[in-house]
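Okay, so subunit A shows up in both of these, paired with subunit B first and subunit C after.
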Partner chain A sequence: MNRARIRWHILVFLAPAVIVYTAVMIWPLFNTLRLALFSVIEQERVFVGLDNFRTLFFDPIWSEQFWNALGNNFWFFLIHMLVQNPIGIALAALLSHPRLRFAALYRSAIFIPTILSFVIVGFAWKLILSPIWGIAPSMLDAVGLKALFAPWLGKEEYALTTLALVSVWQFVGIPMMLIYAALLTIPEEILEAGEVDGITGMAAFWKIKLPLILPSIGIISILTFVGNFNAFDLIYAAQGALAGPDFSTDILGTFMYRTFFGFQLQLGDPHMGSAIASAMFAIILVGVCIYLFGIQTRMRRYQL
Partner chain B sequence: MKRNTLTLALATTALVATSAFAQDATLTIESWRNDDLKLWQTEIIPAFEAKHPGIKVNFSPSAPAEYNAVLNSKLDAGSAGDLITCRPFDASLALYDAGHLADLSDLDAMSNFSDVAKSAWQTDDGAATFCVPMASVIHGFIYNKEAFEEIGVEVPTTEAEFFAVLDAFKEDGSYIPMAMGTNDQWEAATMGYNNVGPNYWKGEEGRLALIAGEQKLTDPQWVAPYATLARWSEYLGAGYEAQTYPDSQNIFTLGRAAIYPAGSWEISGFNAQADFEMGAFKPPVQNAGDTCYISDHTDIGIGMNAATDNPEAARTFLTWVASPEFAEIFGNALPGFFPLSSTPVELTDPLAKEIVGWRGECESTIRSTYQILSRGTPNLENETWGASVAAIKGTSTPEELGQELQDGLASWYEPQQ
Partner chain C sequence: MNKARSNPLNTLMMHGALILYTLIALFPVFVILINSFKERRSIFREPLALPNAESYSTIGYNTVMQQGDFFLYFQNSMTVTVASLFFVLLFGAMAAYALSEYRFRGNMLMGLYLALGIMIPIRIGTVAILEMMVATGLVNTLWALILVYTAQGLPLAVFILSEFMRQVSDDLKNAGRIDGLSEYTIFFRLVLPLVRPAMATVAVFNMIPIWNDLWFPLILAPAEETKTLTLGSQVFIGQFVTDWNAVLSALSMAILPVLVLYVIFSRQLIRGITSGAVK
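What follows is the complex of A and B.
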């Protein structure tokens, strides 16, 4: 009788990816979760169970910062969902129009900011919006709207929205490209069949194209969610670790950075920092699960 | 085969080269003073290397705002340099307690410094000193002399005169009266609150009383500086809310602003940038003839990484840093960083000389939040940044700010409970 042979080649081919992924992703992740359960007392690392989380959620000093950062994160996400994704879809619909000229040029121009570094984007926009050297005040002045200008990045009520819109400017190319690709896969015959039935123009978009690209929109939403709740770079590049003015742009990423590594006279606390990182992980995990089990499994798919 | 021989030959050369270097010690200095890179490389390090052949020194700074975080990670990972530029007080004390900084109490050259100078880098009981004091910075106001002559105003000494000068500039309109922004937050606290504040809380007297728990942040002498800051907003440039620290520096050195609330560390940068004559005046007192208090803040020290491979070379360097020779070079190479050595150093820069002269006229103190009071969470220094900004913007009243800070401090600091 032929015994089933161990198929070594499967192990060999899987090993590099598994080893690298474990070393740089899985191990640090679990170590961070573990670190969140410890604290330093009298120079000794001691196991404190869920104490760090109790401090984070119930100590007014910590919880105020945490909820503020979480709230800001939701606002950041909301702006992206309400501005970035609809604009991305609209741009994709325009670009996929067969009679649009220079489509490739527009596509590249809109996509280019996506490949820029956060630091460049943060710094460039900081300069553009600067009340002292920026071109924003003079451009508004040229059209007689100088009164509308405010030092947006320095005002508590505008700073976060301004940064969210800068981020939208940078990343609007991603939903555009994904939707554009989805729109291209819709066969001509379906649209022609619709035309025969009298569905043309805008109606064709709403009734035929949109239902067909819904799964892509779902994927974009989840990418936006994960990206926004992990965001850090743009805020840090534009406003620094204190996420000013008065913590109005503080998101979980900057809060975690400040706590973990310390800031100015405040010393770093890796254990509280890990607790915040674990909370971020949990929030993202819950969000992704809600999407996967609550929305994606129920989404209607059409055979093209 | 031929290629292999060549590789082998190259490898051997590389090995020989490394071992040749290994005989000499190379010291790496961790620092946040990236502005001073050139001065270290062209003046300070050559002066040391000329005296001590065989020791190479490498100055490797990181950005000021990231320094503490970067340094802590490097120390934990064991990749930090041999010499560590020390922030004053708790940041360095924590490094010493964690065993990252070596005890330098037995370094003979430590006797060149006064107790006050060493206090920023000692354990609370003063038993161990772990950094050699390098320099202090003094707060005050730097002004554009030409602008003052043009408008015809005199240097103010009292607060009433100070605001009269600002009013004169505001009325004239050709200069922004004062160059400061609130975007980076620390300027408002460091160059605002802790600049004018010592005149209210009487320097050391108030600072030590606060540490002892005899005064509270809700007391009038601690709240009044916020009320003064609140008056500043109308003299700052349009859009000061989004004005960053470099913006303020540029506005002043381009000659667009008349007065710059300063720390003396600005001097060398300003000398290079500004093409007008500058003067300095000390924080104005409330009434003419009052004793003046200045913030003469112990700012930089240098210590030894306890894990260094070259402790002997590092101690040689630190002994040299404590010598009058270094004080002379450092004080003049970096006007505005005033040496703390007990031997007086003759400074050549007129602006630096003017500012260091205040030490003779006024009582010196250090920033109120640095010693002990920023040890817990919430951190009083960081809270003061936010409070100073809120005072200038007028988003909270001075009384509210005092109460908020007091509550935060009392939540963890026993003498204030």
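What follows is the complex of A and C.
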């Protein structure tokens, strides 16, 4: 065999994917990181080093917005971790119960919100929570809790939490499905062995199933993290680019959009936008690295 | 099966919890759909009542049909989604085949390089993507969106498809080689048909995020003639905030195509997720 012969077909098979992927994804990614080091001074693009980051982190006008968006983003993520993933796991545990009737029906119905677009979800909840329409207050009235009603999306202290919960409502289907899939791979013999030892019901879930699905919980956590730190659509659809009231729902995605695209009277600044994108990239990279090297490698995996 | 796991009270409670959550999941969709068929006063007076002979009205749908070009938006969304899926599947399968079938220097490295994009969202590079699209004149064309979604879908597609292609029997491919088939013929005629289920999984995974995306249509193709359905309804609803009939009807019209697609593909989607394709 002639080793030096170029096998052209390998090149032909690889080329389209590699070219599109490199040109539209990897190259712009690095180019964005590069653009973050430039600025426009007197209508000319000049290299300014880390100046944009200095502005972003330390200039009072910018840094206040940045830390606000970052803090909000962490709160947004925390709500997902504390509400979405436990509910998803609980639903999956119920659905994976052997001989549960209508399981397929429940599964398909609960997944429906996940397939809807943010625009639909954002507006639908905006209407439902609206004090003008009054569905939410009248439903609370029916159970005697009318006093609890507030225009949640319009109040600074509630708006972000409300939107996070709406997002939880929308995406609960994803952890549910992934955990459900993991639960189905647990062999019946293990559970039966547990039963022989008297471990059934809830105890079986905590002591046998949960340790076995920990790797899947790790995966949904990192998916949630990446998804939340580049979220944008829901906030934009429900509250607009200004992420009102008074920036209380501003997260990194909306902050970056406003900065680089401009809004109302503020002109867009692609270089500051790139700087924010770079910060988002760094945050996501740190998260993914913590997961890959800190969590995934230490997690005990059981050979089933 | 023994008694310990089938206590009737437990079963009842499980159904109770699942029904409760199903109601929570479906309630908003239900409210939007029923109210889109009512006239304005009944929307406010009895939001939870089904439309009856007295309250039935399609005035909202009439406004939507007159004011918004929803057929065009729908067509744009369809074009973008179908074209992106086509390229993701074709290019993804080709690259996956190269990585799983041939041994060559840099194979591992190439696999890792292509897998990078699974975790890194393409949105981070938006500023440079926009500059590139402006420079190449692709801004405000559907091609800009198709290219972006193809690049976005490729990493996971290559990853999933190469897992499946490793399972295709070597004997089959070698038999083809002995019969004098070219590598291209082996790929298109022998291998592709065998990984069709995996391709369907990849298609269904990609379809929903592409159809629902708001970010890239908003930034790369906001012109009237290239608006997708998601962006179109966002803009339309923004303009008609106070016309509740129109807003509810527009929402229903945006829900309907996705719901239909879901009913058709839900088994495929759920089988795809549960078959462990994303582990």
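Convention: the second predicted complex is superposed on the first by the 293 of 304 C-alpha atoms of A that agree within 3 Å, B and C clash if a C-alpha of one lies under 4 Å from a C-alpha of the other, contacts with A are read in each partner's own complex, and residues count from 1 in each chain.
In this text, a residue touches a chain if its C-beta (ideal position, glycine included) is under 8 Å from a C-beta of that chain, and two chains touch if they have at least 3 such contacts.
Treat the numbers as computed from the prediction; the structure is a model and nothing was measured.
Novice: Between subunit B (first) and subunit C (second), which does A:Pro28 come into contact with in this model arrangement: first, second, both, or neither?
Specialist: Only subunit C is touched by A:Pro28; subunit B is not.
Novice: Touch test for A:Gly218: subunit B only (first), subunit C only (second), both, or neither?
Specialist: Neither subunit B nor subunit C is touched by A:Gly218.
Novice: First (subunit B), second (subunit C), both or neither: which does A:Phe261 touch?
Specialist: After superposing on A, A:Phe261 lies in contact with both subunit B and subunit C.
Novice: So which one touches more of the residues on subunit A, subunit B or subunit C?
Specialist: Partner with more touched residues of subunit A: C.
Novice: Which holds for A:Trp133: it touches subunit B only (first), subunit C only (second), both, or neither?
Specialist: So A:Trp133 meets both subunit B and subunit C here.
Novice: Should A:Leu94 be classified as contacting the first partner (subunit B), the second (subunit C), both, or neither?
Specialist: second
Novice: Does the superposition put A:Ile61 against subunit B (first), subunit C (second), both, or neither?
Specialist: After superposition on chain A, A:Ile61 lies in contact with subunit B alone.
Novice: According to the stated criteria, A:Gly194 is in contact with first (subunit B), second (subunit C), both, or neither; which is it?
Specialist: neither
Novice: Which subunit A residues are contacted by subunit C in one complex and by subunit B in the other?
Specialist: Of subunit A, residues 133, 261 contact subunit B in one complex and subunit C in the other.
Novice: For the complex, give me every residue of subunit A touching subunit B.
Specialist: Against subunit B, the touching part of subunit A is residues 43, 61-62, 126, 129-133, 137, 150-156, 239-242, 244-247, 261-268.
Novice: For the complex, give me every residue of subunit A touching subunit C.
Specialist: 7, 9-10, 12-14, 16-18, 20-21, 23-29, 31-32, 35, 87, 90-91, 94-95, 97-102, 104, 106-121, 123-125, 127-128, 133-135, 138, 169, 172, 177-178, 180-181, 184-185, 195, 200-201, 216, 219, 222, 226, 230, 232-233, 236-237, 253, 256-257, 260-261, 270, 273-274, 277, 280-281, 284-285, 288
Novice: In the complex formed with subunit A, which residues of subunit C make contact?
Specialist: 1-2, 4-6, 10-11, 14-15, 17-19, 21-22, 24-26, 28-29, 31-32, 43-44, 47-48, 87, 90-92, 94-95, 97-99, 102, 104, 110, 114, 116-117, 119-132, 147-148, 150-152, 154-155, 158, 182-184, 187, 208, 211-215, 218-219, 230, 233-234, 237, 244, 247-248, 251, 254-255, 258-259, 261-262, 266, 269-270, 273-276, 278-279
Novice: Provide the residue numbers of subunit B that touch subunit A in the complex, in ascending order.
Specialist: Subunit B residues touching subunit A: 65, 68-69, 72-73, 87, 89-91, 94, 97-98, 181-186, 237-244, 247, 251, 369-370, 374, 377-379, 381-382, 385-386, 389-390, 393, 395, 408, 411.
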